[in-house]
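Shared between the two complexes below is subunit A, which has subunit B as its partner in the first and subunit C in the second.
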Partner chain A sequence: MTNSIHHYDVAIIGGGPAGQAAALVLDQNGARIAVIDEQQRPGGQILRQPPQEFAMAQSMKGKSYTSLKSQLRAFEALNRCDWIGGKSVIGIDRSGGTVDLTLASGDGITQVSANRLLIASGCYDLPIPIPGWTLPGAMGAGGLQALVKAQAVVPDGRVLLAGTHPLMLIVATQVIAAGGTVAEVAFDQRQSFLARLLIKGAGTALRNFGLMLDAASAWATLRRAGVPVTFGQRLSVIEGLNRVSSARIGKRTVHCDAVGLCYGFLPQSDLPRLAGLSVRWAQPTGGWAAEHDGWMRSSVSQIFVAGETSGVAGAPAALLEGQIAGAGIALDLGLIPMDEAEAIRRDAARKQIRVSRFAALLDRIADPTSALTALRDANTILCRCEDVTIGAVETALIQDSDPNSVKLVTRCGMGTCQGRGCEHMLLRLAAHKRGVGPNELRGFTSRFPVRPTRIGDLIG
Partner chain B sequence: MLVEQASTGSGASGQNAGSLHFQIERRFLERKGGLGLEGEQTATLSRIAIDDWSTLEDRLGVSLHVHMNGGLMVAENADQVAILKAKADRERAMGLSVETIDGAEARRRAPYLSEGIVAANFMAAEGHADTRKIAPAFATAATAAGAEIQIRTRLTKLEWQGASFRAEIIGSEGAFTVGAKKVLVAAGVWSARIAAMANLHLPLFPVGLTMSASERTPHFLPHLVQHVAQRLSMKQTEAGNILIGGGWPSRLHRVDGIFDLSRPAELIIQSLRNNLSVATKTVPRVADLNLIRTWTGVTAVTPDQLPIAGEFPTMPGLFCAAGGSAFTLGPTFARLVADQMLERERDEADRLLAVASPARFDSLNGFMGR
Partner chain C sequence: MRSQADITRGMPVTIEVDGQMIDSFSGETLLAALVAAGHMRLRNDQEGQPRGFWCNMGTCSECFVSRLDVTPVRRIRACLITVEDGMRIATRSISYD
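Up next is the complex of A and B:
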């Protein structure tokens, strides 16, 4: 562990749209910034970039990407801002007066210290413990998309996309563009609302907005390519001996070699919770969103949040929150006067109205609640790190419905991922058992290190 | 009736690292004057605890992952070896079976130990058990035996009313009152606050500790490993994780000058780094394992480091069992304090628990208890 600590005015965790937007505001106002990301290059999940040495055509052609791309170019042109790529923040310590971050990578441990911290660490695929979900070949649609974006890698054979989220239409076209084959895009929900929105316009201006616009054009592309897009037939089981070979969609068996599960996204909440931020249960996907004030200040002094960390609302919303957080931090540090900060916030807040209406609509369309409620197969693994089944958890819940007791008794959530995969489902089961909402339960305690870290790197 | 504010085992009994240590503890050696007399005094209790742990799984009828494959307390230099030898002499005199072995013999029995280890005290009865399982197993057995266990239920008032105690309790279904002839306070770090409800001082002070778990790895470490001069405990769980602890501090939260027990203690990164350094110096191969989780827990210590178990002389009928080493000694405290409460072989229980009796702090309660 090196002992040289780099000090900054602001450390930003996450190089996606929110982190970039905040960095642009802060850089313009003279702040010394470090942006830390687990990826080697900026972009976040939405504009995930291939490694520099890869010569690869940009696969993200949709219109919703345009403003995000121009922001990325502006961010990459910043020369005072330190980009710290390929590192994970594994710990946050405020006891010394500054916000001290411990960073881990294959090269060992480093430390970064800052007066203010912005957590804009994004989201991840909502894990769905459906029978067969742990078979090789089954993955989150976001993970599938990451493979396509960063490496132009597509799974061999036929890819099935299943879930509730319209993003899977876009992922399907990206798989095809990268040379893959899509067996089917299967929506869990009935056609009515989504289709009205995508095909007929449904009398809302939101139809022409962001992801929906791309989803509509993706659907047209899939139709032309002869890919079936189905509705109202639920994926109930993924089958295969050593890897995925088929899936049950409604009463049909669909032969496929990979399944992308697309039911929505959960905020990455390990760092916010490790730092003691107040969080709320995020509806309708679940997971924990950080609470904040009008300047994106969290409940803990010196720490701000933006983007999916404050609740998954998509890249355009993240960008606006990043701008507000940037202005809020600049104001806090005395870098800009109130009227300038207010001007930035007012401008962003005005745009937020439309963006948040869209996010609310998308939440309604993509609501995974009914699909999740159907997941009660006792033999299905819920915690894949420790091989704990849904049945084992339900048995433990009979004795004590406290999620943290169930964790101790069953080891559900005690593995290397610290519960990122299973916590949301355990909380839903516990809430159901107790007859309350998951928001009334205490989730797992987030622990250092947020990512598994080699012990030899930490000593000293 | 047993009243628990959270869930059974959610406090220190579920958060400690599960050591079954029967040698005189290293913390007793930290005091001036070398080998602490206090540590020696617990040797009798340790002897009983060995029997209790050996039979616990049979008595409760479930697997608790109790492994008593021996414990090694290691030394790295001549000064430390001298302490080991003196300690072993005293322990043998107290009836504990401890042998001092050299580095080569230690590595023959425990090939994972570093070349830097020059000697170790080996005690065959030491080991570890699964802290996740103990309290729930006791709870199940107690319920089966007819006890009523109320979890997520909080005591708010405790009064002696001349002939019996009156306890006010708030549970999920609302508040209720219970009368009892006898009350046992076994609330770990919260015990002092329960005693205060009865207008008694109980000198128990909270301390935050640090424990860590590695990823799972194939079993290679069957023993409990401790260090005679540094804070260290290591063992491998049934699942294969290496647990690392040994008394490295974490930081308690404070509110208005009072320790806030409602929040987990805060990790001190340097504390963890030091703990991992001692661990890798003792067992080098853990350096290549991933750390997956470090957690903090809060336990309680007394002014003389000895536990408190027994009846309050100022308030007969009120009993206590708390104050350190209570994972290793917990089942023994439970059995002996139960004997006291039931007036069952009371003299024998009093004799065995004399070292831990609350009577030694009775002067604090000269103005209290009414």
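Up next is the complex of A and C:
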């Protein structure tokens, strides 16, 4: 461990839209800040940037990205704010009066301490245990997209996108723009279901015109490229020997070499739960969202949350939460008068009304519940780290329906990913068994280090 | 496959993966270099079944590989690590024990 611990007014975990927005407000009010991110460069998931060494035409061309991109430029121009890229936060400790963070990277362990902490760690692709999802070539659609937009690499062969979330239309166009081949974009839902929701929510959809336009233009691009966009036929099995070679969509077999699974996103909840923040079960995707008050204060003093850690509602919502958190922290530290903080909060809260209606519409459209229920196959691996099948979990649930007991008995959730992949499904199965909602169950305990770390680094 | 659309990459670098030389570019993540080389199988599970990466953002641990050119050997998540010229990598799809 290093002895020199850098101290800041505020440490921000996550350089996405939420973390950047908070940093901009805080910097303007004179705070000394560090922003820490596992990625090398700022941007977060939505604007994951190519490496500094690359010169690449901006891959995020859609209308809805304009304000996010200008915020990112403003953030990168801050000169007092310390950017700590390429390091994972693995621990949070408040016992010394300050908030002390442990950071890990390929080079070992470092520490950062601050008076206030903002957790803006975002979300991750919903891991969906479909038969064959462990085959090489099957991946989260967000992960696929990040490969294309930040690395300009596309899996060889034909790429299938399947799921419930409309983001896959955009991912498909990005694969094509990068020279890849899209086999099909397959929505679980029937077209009539989508149309009904869109008509009911037409006002909301129109007020979020930029995003709707991006989806519509993506669809038109796919049509022109001759890519089938299908509805109402569910992906049920991914097949292959050494890697993906086909998939079953409804009654059809689609030949493909890679599959991007797009069923929505779960809030990152490892750091919030490690620090003891109170969380709620996130609907409809599952996972745990950090709770907060009107200033984005968490249930634990000194710690604030913003962005998709506190519920997945899209990048514009994450940005607004970041602004409010920035104002809230500045207020807490006595850096800003109440009326100024309140003005920032009121302005952001007004804009939140619009984006949250759109997020609610998207939640209803992309709801993965029926896919998660229909695809329950006993032989499919649920816990990828420990090779535990859905069947093994269901058998253990017959003896004891407490998720943490099942974890101990089966090892489901005991591996290096700490249950990020399987906890949501184990809780759903346990809740089903007990006839309660998953929100009524106790989730896994988050443990230090929240990212796999060499023991030698921790004691060295 | 590496996209050629409107892009200039970093300096060429060469890395060794399971004894084979693979071309890469400065700034690329190790995972991107592996995917571009068609190296999708990164490990075998307890039943010997093939596994590949899932999240490409550091959360799932499926992309763990060993870096052999440092002492002690480090296990790293390929999706978070940038390639370096002369890097030697062992995936867990073959046994090195």
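Convention: the second predicted complex is superposed on the first by the 441 of 460 C-alpha atoms of A that agree within 3 Å, B and C clash if a C-alpha of one lies under 4 Å from a C-alpha of the other, contacts with A are read in each partner's own complex, and residues count from 1 in each chain.
Keep this in mind: a residue touches a chain if its C-beta (ideal position, glycine included) is under 8 Å from a C-beta of that chain, and two chains touch if they have at least 3 such contacts.
Here the structure is a predicted model, which means the values were calculated and not measured.
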Looking at the overlay on subunit A, is there a clash between subunit B and subunit C, or do the two fit? fit
Which of subunit B and subunit C A:95 touches, first, second, both or neither: first
Superposed model, subunit A: greater residue contact from subunit B or subunit C: C
Check whether A:144 is in contact with subunit B, with subunit C, with both or with neither, and answer first, second, both or neither. second
Between subunit B (first) and subunit C (second), which, if any, makes contact with A:414: first, second, both or neither? first
Answer with first, second, both or neither: which of subunit B and subunit C does A:179 touch in the superposed model? second
Where does A:237 make contact in the superposed view: on subunit B (first), on subunit C (second), on both, or on neither? neither
Between subunit B (first) and subunit C (second), which does A:45 come into contact with in this model arrangement: first, second, both, or neither? second
Does the superposition put A:127 against subunit B (first), subunit C (second), both, or neither? second
Now for A:213: first (subunit B), second (subunit C), both, or neither, which partner does it touch? neither
Which angle, as a multiple of 10 degrees, do subunit B and subunit C span at the CA centre of subunit A? 80
Name the contact category of A:333: first (subunit B only), second (subunit C only), both, or neither. neither
How far apart, in whole Å, are the nearest Cα atoms of subunit B and subunit C in the superposition? 6
Which subunit A residues are contacted by subunit C in one complex and by subunit B in the other? 415-416, 452, 454, 456
Which residues of subunit A touch subunit C in the complex? 38-40, 45, 50-57, 86, 88, 106, 124-125, 127, 134-140, 142-144, 146-148, 151-156, 177-180, 242-243, 268, 381, 384-385, 387, 415-417, 420-421, 451-452, 454, 456
Could you list, by residue number, the parts of subunit C that touch subunit A in their complex? 1-11, 25-29, 31-32, 35-36, 38, 40-42, 45-47, 49-62, 64, 67, 72, 74-77, 79-82
Sites on subunit A touched by subunit B in the complex: 1, 91, 93, 95, 102, 386, 399-400, 402, 404-405, 408-409, 411, 414-416, 418, 445, 447-449, 452-456, 458-460
Once bound in the complex, which stretches of subunit B touch subunit A? 6-10, 14, 132-133, 136, 140, 151-152, 213-215, 239, 251, 264, 266-269, 272-273, 276-277, 279-280, 286-295
